[in-house]
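Several structures are given next for inspection.
Here subunit A shows up in two complexes: once beside subunit B, once beside subunit C.
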Partner chain A sequence: MFEAKGLMVFYENMLALNNVSLKCQEAQIVGVFGTNSAGKSTLMYTLSGIMQDIKKKEAMAGGERITLMGEVFYQGEDIMSLKPSQRARKGIILCPERRRIFPESTVLENLKIGGYLADSVQIKATLDYVFTIFPALVPLKNREGGFLSGGEQQMLAIGRALMAQPRILLLDEPLMGLSPLVQALLARSIKGIRDERGVSLIITEQYARPVLPIVDYAYILENGAAVMEGTRQELMDNPDVRAAYFGI
Partner chain B sequence: MEILVYGIINSVTLALMALGFTLVYGISGLPNFAHGALYIVTGFIAWSFIHTLKLNFLLAMFLSLFVTGLIGAAIYRLFLIRVRGMATSEIIASYAIGLAILEGLRWGGFKGMTYTLPVFIEGSLQILGVQVDLQRIMVVVVGVVVMGLLWLFTHYNRIGLALRAMAQDERAALMLGIDSDRMAVAAMFLGSFLAGLAAVVLLPLGNIVVEAGYNVLIMAIAVCIVGGLGSWIGAILAAFLIGFVQILTVVYIESHFQIVVALLAIIVTLILKPSGLFGRQKELEERV
Partner chain C sequence: MTLKGGDVRQERIDRGIKVRTGGIYAVSSWKEIGYLLIPRLVLIVGLLILPLAVTNLYWQRVISIVGIYALLSLSFDFLTHFVGLVSLGGAFYVGVGGYMAAILNTKLGLSPLFTIPMAALGGAAICTLFLLPCLPLRGVYFSIVTLMYPLITARIIEALNILGGTDGIVGVASFPNRWVEQYSLFGLLLLILFGLRRLVNKDIGLVFRGIKDNDQAVKASGINITHYKAAAVFISSGMGCLGGAYLVHIYMWSGISQLALDFSIIPIASTVIGGGGTLVGPVLGAFILVPISELLRAFGTLRIVFYSLILMAFIIFRSEGLMVYAQRKYHQFERWVKV
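Moving on, here comes the complex of A and B:
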C-alpha cells in the first residue's frame, strides 16, 4: 500500500540515504532503527514530502544543493513529485522529531490547527478520541504548547497529527528523551491508534527496545542504507542487532 | 486633555497603518514594502468608484478594499513568490512594485490636491472638553473593532489558526497539510485589505496625495521595528508609544516633527534593542 523504492538523497556530495526501499502494509506498524545521522529523519522528510520543500528553499536561497532520487508509491500512485500539503491531503502525515509544537498556541488550538484538512464532524470526533487516549491533555486544554512537559508535548504532537486524519502516520523518534514510564504509555497508545483506527505507522527510533513490542516489521538503517530488515522475531534472533539496537 | 484625546486618535491611526504590514511579516516573514502604495491605491480606487462609476459610497469603500486585497495577493503570486526566502530581494522587489505603483499613479495624472474621499459622518463632538470631529472617532472605533475581529479570526477561524501556525513554525504547519504559498497569498490579501481599510477611514481626513504612500510606509516600518517585527501586541504598543510622542512634539515643538519622531524611533530601537519591544528573534533561536 505504501512503498518506497530506491530512495537516494544527497546533501551536496554527501550521501544521506543510500538506495533505501521499504514497504508498509495496511494497518501495519513498521519500525526504522538507526543511530544518530543514520538517515532516519531524512527518510521521514523524504516520505512526507518535506524534503521537496527543503530542497526548493535551499535552491532559492543559494544554499545546499539537495538531490532526490527514487520513488514513493501510495496505493499504486507515484507521489514523489507531490508537495507536502498534497501528500497530507492523501493521508500521509508526519509527526516530526522534537515534536515542533506551536509554542504560542494553546493545546486546543494546536489540535484545531492539526485539523486544518478535516471537516467539522471529523474534528469533533477526533478531538474526543485524542482526549480519550491522552486524558492527561484534558486539564491542559487552555495552556500554551510551549509550557508543556516533554511527554505532554509528545502526546499533543501525536494528537495533532491524528487530527489531520492520517492513513499513514510517520512518527519520527516519538519516544526520544522521555522517561521509561511515559515511553511505555505512548507505545501502548500508538498500538491503540493502529488497532482502533486502522492507521498504518512508520516509527523511527534510535533505541528499539520500547517500541519493539508493537512493531510488526522493521528495518535497520546504517549510514543511510537499510542494512537489514525482517519481522520482529527475525531481528531479535540476530545477535549483532540485539546488542546494537535492542540492548538485550 | 487634548494630548490624551489626540494621542489616542493618532496612536490608533498608526496602529491601523501598521497592522497590515506586521501581519504579513509575522505570517510569512515577508517585508511588504509595497504597503504604502497599496494604501494610496485604495484611495484612488475608491475615488474612481465614487466619481467615475458613480457607485454608492459604502459599496465603493468595500469594493475598493477587496480590489486592493486582490492586488496584494496578485503581487505575491506573480512577483514575490519568485524571491521568497531572500530577505534583501523581497525588500527590493516589493519596494520596486510600490514605487512603480505610486509613480505610475503620479504619471497617470493622479496628483495635486483635487482628490478627496467623503467622510463617513459629518459633525463633531465634545470629549473631555476637547472638540473632535466624528470621522476621527470613527477611526478609533474602526481601529478597535478591526483589532478585535483580527483577534477572533486568528483564534477561532480555521484559516486564521493556520496563519498563526505558519507564523510560529512553517515546517510543522507544512506537515499538517497547510500550504505555505496559499497561506502567504492569504496573508498578503489580508494585509493589503487592512492597508486599504486604513486608507478608507484615514484618507477622508485630508487629500489623497501620492507622497502620503511613502509616509505610511515609514510609519508602518517604524511601528513594526519598535514593536518587534512580526509581533502584533508589540505593534499596537509601539503605535501608542510613537503616537503619543508625536502628539507631544506637535504640542510642544512643531507639527512637522512627526516623521522625525518615527525615524528617530527606528534608529533608537535598532541601537538599544534591535529585536524591538516584543521581537521574537526567531532566526537567532533557530540557530542556537
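Moving on, here comes the complex of A and C:
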C-alpha cells in the first residue's frame, strides 16, 4: 500500500539516504532502527514530504543544496512530487522528532489544530478516542502544551497526529527521552492505534527493545543504507543485530 | 531530480586552490597568493579609485554619503549577525555622533581631526550607556526599544529647544577639501571592515556568536553576557557615531534630520541585499542601494515605488544576499555527476 523505492537524499555532497526501499502494508507496524546519523529522520522527512520544504528553504537561504531522488508510492500513485500538505490530505501524517507541539497553545487547541482538515463529526469522535487511549491528557485539557512533561507532550504529539485522520502514521523517535515505564505504556498505545483504527505505522527508534514487541517488520539503517530487513523474529535471530540494536 | 538521461545530480565542490589556501600554506605560489588577494585588492583599489573616478560634483557628495551608509550597514551587520541584537537605533548613533562633533567644533573650536575621533568614541560611550538598560532584551523587543531612541531624542530636542532646536547647529567646519573627506572616510571604512573581520574570528568573536546562538549556554560557561553585549554595542555604535560625525562635517550642519529613520532602515536593506553575516556584503549593498536611490530621483514621486520594487526583487530572487552568492561561486564549482 505504501512503498518507497530507491530513495536517495544528498545534503550537499553528503549522502544521507542511500538507495533505501521500504514497504508498509495495510495496518502493519514497520520499525526502522538505526544509530544517530543513520538517516532515520531524513527518511521520515522524505516520506512525509517535509524534505521538499527544507530543500526550498535551504535554497532560498543560500545553504546546502539538497538533492532528492527515488519514488514514493501510496496506493499505486507516485506522490514524490507532492507537497507535505497534499500528502497529509491523503492521510500520510508525520509525528516529528522531539514532538514539536505548539507550546503556547493548550492541549485541546493543539489537538484541534491537528484536526483542521477533518469534519466536525470526525473531530469529536477522534478527540474522544485520543482521550480514551491517553487518559493522562484529560485533566490537562486546558494546560499549555509547553508545561507538559516529556511523556505527556509525546502523547499529545501522537494525539495531534491522530486528529489528522492518518492512514499512515510516521512516528519519528516517539520514545526518545522517556522513562522505560512510559515507553512501555506508549508502545502499548501505539499498538492499540493500529489494532483499533487500522492505521499503518512506520516507527523509527535508536534502541529497538521497547518497540520490538509491537513491530511486524523492521529495517535496519546504517549510514543511510538499509542494510538488513526482516520480520521481528528474523532480526532477533541475528546476533549482530541483537547486540547492536536490541541490547539483549 | 530525475533527468531523461538517467539519475544525475549537481554537485558543489570546493576548488582545489580554495582547499589549499584554506590552510597556512597559501604562500606556496603566486597563483594561490593571488587567489586570496585579488578579491580583497579589488575591494580596496575599487574604493580608493572611486573618488578619483567620480568627477561630477553631485555624485561626489553621493559617494561620501554612501561611505557613511556603508559604515552604518557594517555596524548593523556586526550587531545582528554576530551578536544577535537587531538594533534599529542607527539613527540614534548618527544623531549622537553628529551633535557631539558639531558641539565640539562650534563651541570648543576643535578641528575635524579631533572632533571626529572624539565624537566616535564619546558618542559610542553615550550610546552604550543609554542602551545599557535594554541589553537584557532580546529579539524584536530590543529592536523596538532601540527604534524609540532616535524618535524620542528628536522630539526632546524639538520640544525643549536645546542643541539648536529645529534649526540645528550651523557653522560646523567642513573638511579642507574633498580628497581628505573621502579618502579618510574610505580609509577608515576599510580599516574597520578588515578590523571587524579579524575581531569576529578571535576569541571575543566566538563569545559574540555564542551569545547569538544560545545565550544561556554562554552564561552557563561563566561569562557575563551583559559585559560582552555592551562591548558589542560600543563597537557598533562607535561606527554609527563616526558616520554621524562625518555627516555633520560634510553638511556643515547638525540637526534633527540626522535622527531620521533612513539611517536605521537603509542599513538593514543593504545588509539584506549584500548578504548578512559577511561584513563585506553590507558595504557592497550600501554602494548599490544608495546610488540606485539617487538614480531613481528622475522618477520624482514614484521613486519610492521603484526603489521598493527593486528591493523586493532582490529579496525574493536573491534572498541569500549577493555576497554569499558571489563567495560561493568564487570558492566552489558545480558539475553534474551520475548517482
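Convention: the second predicted complex is superposed on the first by the 248 of 248 C-alpha atoms of A that agree within 3 Å, B and C clash if a C-alpha of one lies under 4 Å from a C-alpha of the other, contacts with A are read in each partner's own complex, and residues count from 1 in each chain.
By our rule, a contact is a pair of C-beta atoms (placed from the backbone, for glycine too) under 8 Å apart; a residue touches a chain by one contact, two chains touch by 3 or more.
As the structure is a computational prediction, the values presented were derived from the model and not from experiment.
Q: After the subunit A overlay, clash or fit between subunit B and subunit C?
A: They clash: once the shared chain is superposed, the two partners overlap in space.
Q: According to the stated criteria, A:181 is in contact with first (subunit B), second (subunit C), both, or neither; which is it?
A: neither
Q: Now for A:67: first (subunit B), second (subunit C), both, or neither, which partner does it touch?
A: second
Q: First (subunit B), second (subunit C), both or neither: which does A:14 touch?
A: After superposition on chain A, A:14 lies in contact with neither partner.
Q: Counting touched residues of subunit A, say whether subunit B or subunit C comes out ahead.
A: Comparing subunit B with subunit C, the partner touching more subunit A residues is B.
Q: Where does A:48 make contact in the superposed view: on subunit B (first), on subunit C (second), on both, or on neither?
A: first
Q: May I ask you to decide whether A:121 touches subunit B, subunit C, both, or neither, giving the answer as first, second, both or neither?
A: neither
Q: Thinking of the overlay built on chain A, is A:164 touched by subunit B (first), by subunit C (second), by both, or by neither?
A: first
Q: If I apply the document's touch criterion, which positions on subunit A are contacted by subunit B in one structure and by subunit C in the other?
A: Correct list for subunit A: 60-61.
Q: Which of the residues in subunit A come into contact with subunit B in the complex?
A: Against subunit B, the touching part of subunit A is residues 48, 50, 53, 57, 60-61, 83-85, 88-89, 93-96, 100-105, 109, 112-117, 160-161, 163-164.
Q: List the residues on subunit B that touch subunit A in their complex, please.
A: 83-86, 155, 158, 161-162, 164-165, 168-169, 171-180, 182
Q: Using the touch rule from the top, collect the residues of subunit C that touch subunit A in their complex.
A: Subunit C residues touching subunit A: 1-2, 7, 9-13, 275, 319-321, 324-325, 328, 339.
Q: Where on subunit A does subunit C make contact in their complex?
A: Contact set of subunit A toward subunit C: 8, 10, 12-13, 60-63, 65, 67-69.
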